[in-house]
Amino acid sequence: MFRSILIANRGEIAVRVIRACRELGIESIAVYSDADDRALHVALADRAVRIGPAPAAQSYLSGEAILQAARETGAEAIHPGYGFLAESHAFAASCAGAGLAFIGPPSGVIARMGSKTAARALAEQAGVPVVPGATPSDQRDETIAAAACRLGFPVVVKPSEGGGGIGMKTVPEEASLLPAIAQARREAAAAFGDGTLYVERLIDRPRHVEIQVVGDHHGRIVHLFERECSLQRRHQKIVEEAPSPAVTPALRARMGGAAVALARAAGYRNCGTVEFLLDGSGDEARFYFLEMNTRLQVEHPVTEQTTGVDLVRTQIVVAAGGPLPWTQDELRQRGHAIEVRVYAEDPERHDLPQAGPLLLYREPSMPGVRVDGGVAEGGDVSVHYDPLVAKLIAWGDTRDLARRRALAALRSYPILGVRTNGPFLIALLEHPRFIAGQLDTGLVEAERPVLLAGLAGAPPPEAVAVARHASVDAAAHDPNGPAVIDPWTLLRGWRG
Amino acid sequence: MADVIPIGRGQYRVIDGTRQRTAYAAGPPEARWVFLDGRVYVIDVRSGTDVARTGPAGTREGGRTPDEDLALSAPMPATVAAINVAPGQLVEPGDLLIVLEAMKMELPVRAPRAGRVKAVACRPGELVQPGIPLVELE
Amino acid sequence: MFRSILIANRGEIAVRVIRACRELGIESIAVYSDADDRALHVALADRAVRIGPAPAAQSYLSGEAILQAARETGAEAIHPGYGFLAESHAFAASCAGAGLAFIGPPSGVIARMGSKTAARALAEQAGVPVVPGATPSDQRDETIAAAACRLGFPVVVKPSEGGGGIGMKTVPEEASLLPAIAQARREAAAAFGDGTLYVERLIDRPRHVEIQVVGDHHGRIVHLFERECSLQRRHQKIVEEAPSPAVTPALRARMGGAAVALARAAGYRNCGTVEFLLDGSGDEARFYFLEMNTRLQVEHPVTEQTTGVDLVRTQIVVAAGGPLPWTQDELRQRGHAIEVRVYAEDPERHDLPQAGPLLLYREPSMPGVRVDGGVAEGGDVSVHYDPLVAKLIAWGDTRDLARRRALAALRSYPILGVRTNGPFLIALLEHPRFIAGQLDTGLVEAERPVLLAGLAGAPPPEAVAVARHASVDAAAHDPNGPAVIDPWTLLRGWRG
Amino acid sequence: MADVIPIGRGQYRVIDGTRQRTAYAAGPPEARWVFLDGRVYVIDVRSGTDVARTGPAGTREGGRTPDEDLALSAPMPATVAAINVAPGQLVEPGDLLIVLEAMKMELPVRAPRAGRVKAVACRPGELVQPGIPLVELE
C-alpha cells in the first residue's frame, strides 16, 4: 500500500479522498492555489503544498506544478479526483514517467476512451449498442445531410470533438437540415477550432443511466449496477439516484454485462463509468452507449450508499496492485440513494454561478444522510472554480424514504452569504414527476417555470421578523457572539 | 405575530404558540440573509423587502458594477464558446448574445434589455475575466 | 398513520425521533424542562411544550405533565425514547387510558418483562437458556448459602430487584459466602428497600451479546441479528458493534431463534432487545438469557447501519398498526458498524460526569460516519440529566474499516468547554484486544491503566502554541469573530 | 516551532513545513481549551501548563468550591444507593465512601485523602443535590 498520496484536486472531492487516505493510514498531501490557502481540503490534509496562483491553468491544471509538489513531498501516488487533470492521458503518462502511481486507468485507455470516435468504435466491436450515427469522412454539407437522412429524423448534428452542448443542433425534419449543418459547423469551428461534424439519431426524451465498473490488475472487472442521472440543467447533472426507477433486474444485467464487456475490451483498470442513453423503461427498454468516463464520477456516493462499497478506497487498493475483494455475485444493491448537487448558482437568473462568503454554513447531520462538502463556515465560494458547494446524499430502504430524507436534510441546511440552488432542489424533489420516477433528460428544462414558481414570493413575515431580530438583538442575546458580521471583509476574490 | 428567540450563533427559534421553526440569519442590516423552511431571503431590514428580488441586481453583489455591465460580463473566468451577435444587430431582452464555457459549464450571456449591439469585446476561444462587459449595447 | 407524535424525552434520542417523524411527514412535539428551553431537541421539533422545572421527577419523569402536554397539543401518539418513562408500564397504561398510542409494547408486557423473576420464568418456559440461579423462597442466610453451593462456585449474590451493580457480590469460594450474603442484604435493603437476594452462577469474563427483535400487530416477529456490547465501564455500555466478532452464522441463528421464541411467548409487539451473556465464541458458545429491554436501545444505530432497517421508523409504523415490511429471510447484515458513546465525563477522575458549556462543538461529517447528537455549539451539558453528548457510529465493509473510520471521526470531533471520554474512546479503539475482537465485559476495567496511560502527558508545544495564538490573534484574524468567549456567561445550571 | 494560522471560527492550522494539522481552541486565557489530534488540553496561556492536570481540581469547575467539598459531593442530582462508612471510621485515599445512582449510572464517592469520618450527611435512598458534601472528613 502507498505511504502517501497527493490529491491533485480541490473542493469536496479532495476532502473525500483525504478522508479515504486517513482511514487507510495513508499520508494525504493537498495542493492548493493562492485562492485556496484557507480552503477546507487544505485544512484537512496531513500536508499541503502551494502550486500556483488562482487561475486553474497555472495551478490545478498544471501537471508540472503538481509533479513538482509530488517530488518535494515524496508522494508515492496521485489521485486526480474528477475534472482538472483526471482525464488527461498526458498527465497520467507523466505520472508514470515520474515513477508515481496514477490512481486511475492506464494512460492509453484514457486516450482511447477520451476520443468519442475511438470509444464508439470500441463499443461496436465489443457488441455494445450505440446510437445510430456517423462522422462522414466527406464533410461537405450534402454528404452530411445524406447521412442524416439515412438515420431517419429527428437527428442531432454536433461537433465531432468538444462537449457541453456547444454547437449541437436538433433537426426535426429534412427541411431545416442544411441551415443547421452550416450553423453547427460555424459554432464548432469557433468553439473548438475544428468544424468536423457528427450526425446521430435523436433519442427523444431519453433517460441518462450509467453503469459503474471497476477493474483490478489481475484481470477481474465487475460492475456496481446503475445510476440514473437524467435530471440535468444545461447538460449538467443535478440529481442522481440508484437504482434507476426505470431499470428492471433483467435490464440491469444486460446493461451491466455490456459495460463490463466494453471495459474488458478497453483493457480497463480502476474505476470508470459507462454512460448510456436509455429509451423506454423495463425489460424491453433499449440502451445506447454514450461515452465512458475514465475517472471517479461526482455522483459515485449513490453507488457507495446502495452497494456498501467504498469506491475511493477501492480505487486506491486497486492502484496499489491489490485484488478486488468481491466477485460480481457478491455485490448487491440495497435500498435507494438520491444525491443532490448543491451549487452556488441562482436558478432565478439562468443558473448564473454565484461566488461569495459563507457567512453561515451548517451541514445537516441525520441518520441516512451523508454530506460530501468542500467548504466551511467562514470560508467562501471562489469565482475561480466550479461552484459545487457540496453533495447531499440520502439513503432509505425505499425511494420515497430517500427522497423524504433528502428533503428534510435540505430544509436543515442553511447556507447564507451566497445564493445556492437549494430551494430549487427542494422544488424538484417535490415535483410530481420526480415523485413518480418519470424522469428524462428534458424534465428540468420543461418544468423550470413550475419549479421556479415555487420560489417566487415576498419573504414571509416570520423571515422579516428574524432578520429584524438578528439586527437588534443578536449581539446582546447570543452567548456565542454576534452572527452579524461584515461580509465585505471576506470578499477575497469577489468579482466587481 | 410570531416570537423570535435566539438559540445559538446565527440560529433563531420562530415561535407561534407551541408551534415553532428554526431559522438562521447572517449579514449586515441592509442585506440580511435569512434561512427559513429551506428558503433563503436577503432582506433589507429597514424596508423589510427582499433585496435579491426588488433591488437592482447590482446591489446584491456589492453595488460596485452597474446592473447592465454585470449582466453583460462573465460571472467567472471563462472561455468564449460562441458569439451569436454582431455590431449593429438589434436584440430583444433575453436574446442569447454569447455562450461562455467554464469548468465544463455553459454560461449564457443574454441581453438584459432591447437595444442595438454597439461592440463585441471578445473573440471566440478567448479567456475572459469576470466583471468586464463582453458586449456593449446602445 | 399518526398525524402527530409527542416525544417524551430529551437529548439525542428526542432528536432522533423528531427526524424520523419529519421523514414520515408527522408533526413532532417536543417537551422540555426549564433546563432545556434552549436545547437542540426543542429547537428541532415542530412544536414544543414546557412540562416543568429542571428535576426529571417534575418534568421528564412526570407522566401527568406529559399527558397534559399531549392533550394540549392534540398529539396522537407518544414515543418514550429510552430511559425516563420508556419502561414504565404504568405510563404505558395511562397513555392507553388517555386514548394515545404508546410507541412500545403493551403495558402488560412491559410489566412482566420488567420483573427479573417473571422474565426469567418466561424464558425458561420458552426454552431459552438462563444462567443457573435461584431466589430461595426461604431467605435465611443458610438456605441462600445452600442454594449457592448447589450452583457451584464462583457465584454471584445480588438483590432480587434493583440494578446498576449495587449490592452485587462475587463469591469465589464457599468460605466467603456468608459474609457476602449479609453485606449484599444490607446494601440491597439500603438501596432498594428490599433485602431479597438472588444467587446465580458466575459466568467468567462473558461477552454481552443482545438480539434486536421487532413484532407487529399481525403476529409477525422477526429478529435483526445481534449487537455486541461487551465494552462497559461501571456496568454501562460505551462501545457497541454489529455483528459480534464472536458470533458465527449457526450461533446467530440459535440466538435469534431463542430471542424470537421469548418475544412470542411474551406477546411482544414493537422493538425490544433480548440480552444474553455469551460464554465462549463460535458455534460451540453457550448463551444465557439476561434480561429483556422493552424499548429502543441506545445502541440501535449499529443494527440500523448493518441491516438497512430504520428502527425508529419501524416502531412508528408498527405502533400505527402497520405490518412489518420484511420477512426474516429478507433481512441481511451487511458490513460492520461500531458505535461509541461520547459522554461528558472524566475518565481520569473515575468517569465523574461533567457538566458545562459547549464553547466549541463540531460534529464530524464523513462517508460511513453517522453522529446521533443531542447538543449544539453554544448549548451546554446540564447537570440535571444523563451526560451522553452524542453517539458516533461508523460503518465499513469490514470491522477494521469501521474501526478506522470511528477513529478518524473521533480525531475530527472537537468538543471544548466540557471534558468528555473522547480521548479514552480513541485509546480503547486502538487497544490490541479491541483490534483483535477479544472482548469481554471486564476488558475496560482490566485495561483501564493502559488506556489512561495514553491520555497522560503535558500538552505538546503545538497545543500550547495554538492556545497562545488563539489568545493573541483570534479576535483580529478570525473573520467570523472571536472564538474566545466568556464561558461563565453560559453557566446556567452549573454547579458550584 | 510550528506556525499557527487561524482558518475559521475557533479553528487553526498548525503548520510545520508542508506538514500540518487542524486544531481548535476556545475559552478564556486562564483556561483555554485546545483540541489537537483527538486530545483535549486545558491550558493556562500565561504558564503554558495543563490546567486540568496541574491545577487544583476545583479551579477547573470555576474555583468556587474547595477541592475536597467537590470530591465529597454528588456531581449531579443523584440518589444515595449505599453508604460504606460510619462516623469515626478511618479511611485511606481512594476508599469508597458512598455509592450514588443517577440516570442508571453508579457514581462512587471516594476519599480524596486519608482521615477520619466526622459525619455522614445523607441517608440511603435520599435524593441529594450537587455541591453539598455528603461526608465530612476530619
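A, B, C and D are the chain letters, set down in written order, and residue numbers restart from 1 in every chain.
Simple rule for what comes next: contacts are C-beta pairs under 8 Å (C-beta built on N, C-alpha and C of every residue); 3 or more make two chains touch, one makes a residue touch a chain.
Quick caveat: nothing in here was measured; it's all calculated off a predicted structure.
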Give the label of the chain whose average Cα location is farthest from that of chain C.
B
So which pair out of A-D, C-D or A-B basically repeats B-C, with more than half the contacts the same?
A-D
Between chain B and chain A, distance of the C-alpha-averaged centres to the nearest whole Å:
24
Just curious, how far off is chain C from chain A if you go by their C-alpha centres, in Å?
40
Return the distance between the CA-based centres of chain A and chain D, expressed in whole Å.
50
Rounded Å distance, chain B centre to chain D centre (Cα mean):
53
Residues of chain A that touch at least two other chains are 377-378, 412, 478, 480-481, 485
Enumerate the residues of chain B that touch no fewer than two other chains.
8-9, 11, 21-22
Please name which positions on chain A make contact with chain C in the complex.
16, 19, 22-25, 301, 304, 308-310, 313, 325, 332, 334-335, 357, 363, 365-368, 370-373, 377-378, 396-397, 401, 404-405, 408, 412, 478-482, 485, 489-490
Within the complex, chain C is touched by chain D residues 1-2, 4, 6, 8-10, 12, 14, 21-29, 32-41, 43, 45, 48-50, 52-53, 57, 61-62, 64-65, 75-77, 81-83, 99, 101-108, 110, 124-125, 127, 130-131
Quick check: in the complex, which residue numbers of chain C touch chain B?
29, 38, 42-49, 72-73, 376-379
Residues of chain D touching chain A in their complex?
7-9, 11, 13, 15, 18-22
Provide the residue numbers of chain C that touch chain D in the complex, in ascending order.
55, 57, 83, 163-167, 187, 190-191, 193, 234-236, 348-350, 352-356, 359-360, 362, 383-387, 407, 410-417, 419-420, 422-423, 426, 455, 458-471, 473-474, 477-478, 480-481, 483-488, 491, 494-496
